[in-house]
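Going in written order, the chains are labelled A, B and C, and every chain counts its residues from 1.
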Amino acid sequence: MSVERDTASAPRGGVPKPGNAGPGAPRSAAPAGAARPLPARPAGLAAALAAEAPVLDVRNLAAWYFTDEGTVKAVDGVGFKLGKGKTLGLVGESGCGKTATGLAVLGLLPPPGRVVRGEAVLGRRDLLRMPEADLAAMRGRDIAMIFQEPMSALDPLMTAGEQIAECLEMHTALDRRERAEKAVELLASVGVPEPALRAKAWPHELSGGMRQRVVIAMALACDPKVVIADEPTTALDVTVQAQILDLIEDTQERTGMGVILVTHDLAAVAQAADEVAVMYAGVLVETGPVKDVYAHPAHPYTKALLGSIPVVGQAARQLVTIPGRVPNLARLPSGCRFADRCPLAESACRAVEPDLVDLGAGRRVRCILATGRAAR
Amino acid sequence: MLHYLARRIVSTLPILLGVALVFFLVFNLVGGSERFLYNILPPKGRTPETIDQYREAYGLDRPVIVQFLDTVGDMVTFDFGRSESTRQKVSYLIARYVPASAALAVPAFVVEIALALALAMLCARTRGRWPDRLVGVLSVAGMSLPMLALVIIGQRFLAFEAGLFPISGWTRGLGAIRYLALPWLLWVTVSVGYDVRFFRTALVEEQGKEYVRAALAKGMPRRLAMRRHVLRNAMVPILTYVVIQVPFLLTGSMLLERFFSIPGIGELLVQAILSYDLPVMKATVTFYTLFFIGFSVLTDLLYAAVDPRVRLG
Amino acid sequence: MSGGIVDKGREGGASAARGAAAIGGATRGRERGMSPFRLSMRRLARDRSAMAAAAIITAFIATALVAGTGAFGIKEAATVFDENSLDTMRYLPVGTEGHVLGTDGFGRDVLARSIMGIRTALYLGYLAGLMTVPIALLLGAVAGWYGGLVDDAVTWLMSVVVAVPGILLIMSLIQIVGKSFTTMAFAFAVTGWVGLARVVRGAFLQARESEYVLAARALGAGDARIVFRHVLPNVFHFVTVNFVLQFVGVVKSEVFLAFVGLTLVGEATWGSMIDSARSEVSSGRWQNLIGPTLFMGIFLMAMTVFGDSLRDALDPKLKNAEEVRS
């Protein structure tokens, strides 16, 4: 999966040299029509092929909230490609538009929010220009969502099993009893002990980690091609966090689904994602393979984010905090959106908003300083 | 469950005691009993001697505490003696006046709630657009206009001018429907606005809940999600609201009963207050209180039945 | 959240409602440093229907105040017969020259009486509010702050008052104590304090346990200081909104009281006017119905709209606050 580019992405853990890396290289030049993912191929090759036909292709998406206090441009031109079986980490601070991006793709943006432009192509169809009934038929079956707070994502008046079965009710011909059985199986597959018992439990009777597993089972019930996981671990204990990420990864390996991991937890992205897209104030500021971006962040914002993670064993290292806060999305400054908080900002930064420029090696960055330096 | 009910019943006793106390304060200390004595005597007989005589006869000369316990005793045994104005037994009067009140209140309330729910769902579905706004404006208008004016206008135009309904009157049995139709109509018109606003708020609140979005994310059509998740969850506050209204139905209908000469308990009560008919007042207040307490227990039971998170105990 | 990623604070975008709130928060970021109260007032000022309602209310109050001084002869016209109407029929219909809304059976100008009715409504409503708020604040605060037996006693009192239908108590009190606006207002206060007191009690109960009060305590602040600086400002919303709601309820109840003959005879109240219209409309005399209904309808609508907007502006969380049915 890659961000706004057509070259192949790096295989997981492989050397990030798209276009001529590894055994998949010759294949990656093959016409897109020939790119059919085959189950028994080596991981690198499959990934390269998948990259040719992304399972979800979001282009130039803009979703604005039309509030009384002005138009809040929560998402303002975001694009990325998600390959089969890949994970894209969408990171950024609170209120930068990550969640709005996910909801917009699903067509579930709450009013006064509206998608104003862009495309989200899944299986050759644009989700954003689809009759509501068709989109409803695709939700849950082709594209699903794991919600952030499992307690509020579960209807308090319905048992866990019933809520999982609802997805099957919408998309399969199974009868009530079969759906209930399948729900128990799904609970077992997400690692819930005593699934038959838990299926009959009310949400308030379950622990936080258990609820999150139920929410995941709900999202996975119909084997979707794409799952948008919105902060799936934020509400959980650290020990449970890792288990949940592993669970998502395991499922992904089994079913080949693509995952968009929406989070502000850079450690989670490092653990689970292949690529990372850093979002700031409604736009992507840097994208690329996780390892590269983490090793050599190009955008000052990415640097600051990475600098603010405490690292065990480096006790003496000073934690970097980013001064200021995300700008008012209703009244954006001219020029670079990060300029006001950027330690390196120059006058040129405030003049024109920089483009997302290709740095090669699958990386893109929206910063004149970084791209200027690269050009030099 | 039985344990809970028993506890609830026991816990109502202090409340009844308090109501007796309020009643007692109002009538025996603020000067109600003197007014009462003054009013039950014919104008010619109001001499100090006869007043003393009556005071003794009604036990109003006894120590305050004894009188209070007496009032409590009346309330607990529901024996209030005879009405001062009609000399009929109070329990008989209540039994005789309740049916007309129920005939007015119950159908009107059912229609009111059903209509309000339908309108509120319309509002929730079209939130912010014209049907929602129109219903909103009409609700506020209905809440702001004086009920009496609407009743006068309704009677004048619908009954007197258009002749659609009898102007007023009463008969026993099913024939009463003829006389009740206009009061029902007015009742619903006047009260539906409050309900619509409350129900709409409850529905809109649920609509914004994450689990509704989660249901949509599973691929559920919006209409089904509205029924299965929004409406079901909104039913918890709505049911409470509806049930808690029931005891007030009887007072709410006082104006209509009096205006259209419907022999209901509200009318009985207004008469009692205006004529200082102490026994009838005591009885109706007790009746209302018990009714109210009964329905708040019912609210709790319903709550527990609807919401698995609520446990009685 | 300036700490960036290290701050594990909850991401604002989870639920869409909260997502919008977070964005709204970002929108308001510019106004950092503004007090919550000023923010609320700004929100209110931007609400067009609230401003229209406020304009209507102001116009009504101003009219009432001006009329009360005797200016333009309104006060006089409301109480004194018109010589012309004495000669012929005392009732002059709506649209008569010099009497836009006609005159009543005593030849008094209905428009002038409707205007004087604003005074009565304001007087009653404010008096009731002024009596209710201290009762509710005191009992609620004492119950929430001290807890224990005091709390039990107040809670018991609340359930008793709620268990007796308010209108019965009001009618009985007026009947026994005597008809006066003060009695009426007192009766409304005695029956109307429970809702507000419950909220106040809750706020104090919560405050007593809260960390900011513990912190203030630790710094040596006394009870009075904590209450006035930290707790009372938090219940200000409820007091205001309750005041408006009660006002509407009181004005409407006055009509009912007039209907059962428990309002003040001879005073210009909307209730007594509408009540006298009851027998007049059968002979085609609508003036006593049209005047006060129009005035009351417009005034109470403006109050209700303003109350709603005020509630939303002061505390968006309150949107679901229970509606009080009068």
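The rule is short, and it goes like this: contacts are C-beta pairs under 8 Å (C-beta built on N, C-alpha and C of every residue); 3 or more make two chains touch, one makes a residue touch a chain.
Not measured: the values here are computed from a predicted model.
Engineer: Any idea which chain sits dead centre by C-alpha averages?
Structural biologist: Checking distances from each chain centre to the full centroid gives C.
Engineer: What pair of chains is linked by the largest number of C-beta pairs in contact?
Structural biologist: Chain pair with the maximum contact count: B-C.
Engineer: Need the CA-centroid distance for the pair chain B / chain C, whole Å please.
Structural biologist: 23
Engineer: Hey, how far is the Cα centre of chain A from the one of chain C, in Å?
Structural biologist: Result: the chain centres lie 50 Å from each other.
Engineer: I'd like the Å distance between the centres of chain A and chain B, where a centre is the mean of that chain's Cα atoms.
Structural biologist: The computed centroid separation for chain A versus chain B comes out at 55 Å.
Engineer: Among all residues of chain B, which ones touch two or more of the remaining chains?
Structural biologist: 208-210, 213
Engineer: List, in ascending order, every residue of chain C touching at least 2 other chains.
Structural biologist: 14-17 - these are the residues of chain C that touch more than one other chain.
Engineer: For chain A, write out the residues touching at least two other chains, lowest number first.
Structural biologist: Touching at least two other chains: 103, 108, 110, 147, 149, 152.
Engineer: So in the complex, which bits of chain A are touching chain B?
Structural biologist: Chain A residues touching chain B: 103, 106, 108, 110-111, 132-133, 136-141, 144-145, 147, 149, 152-157, 163, 166-167, 170-171, 202, 204, 215, 218-219, 221-222.
Engineer: Under the touch definition given earlier, write down the residues of chain C that touch chain B in their complex.
Structural biologist: Residues in contact with chain B: 14-17, 156-157, 159-165, 167-169, 171-173, 175-177, 248, 252, 255-256, 258-261, 270-271, 274-275, 277-278, 281-282, 289, 292-293, 296-301, 303-305, 319-320, 322-323, 325.
Engineer: Would you mind writing out the residues of chain B in touch with chain A in their complex?
Structural biologist: Against chain A, chain B makes touches at 127-128, 208-211, 213-222, 229, 232-233, 236, 306-309.
Engineer: Across the complex, what residues on chain B touch chain C?
Structural biologist: Those in contact with chain C are residues 14-15, 18-19, 21-23, 26-27, 30-32, 35, 140-141, 143-149, 152-153, 156, 160, 194, 197-198, 201-202, 205, 208-210, 213, 241, 245, 247-248, 250-251, 254-255, 258-259, 269-270, 273-274, 276, 281, 284-285, 288-289, 292-293.
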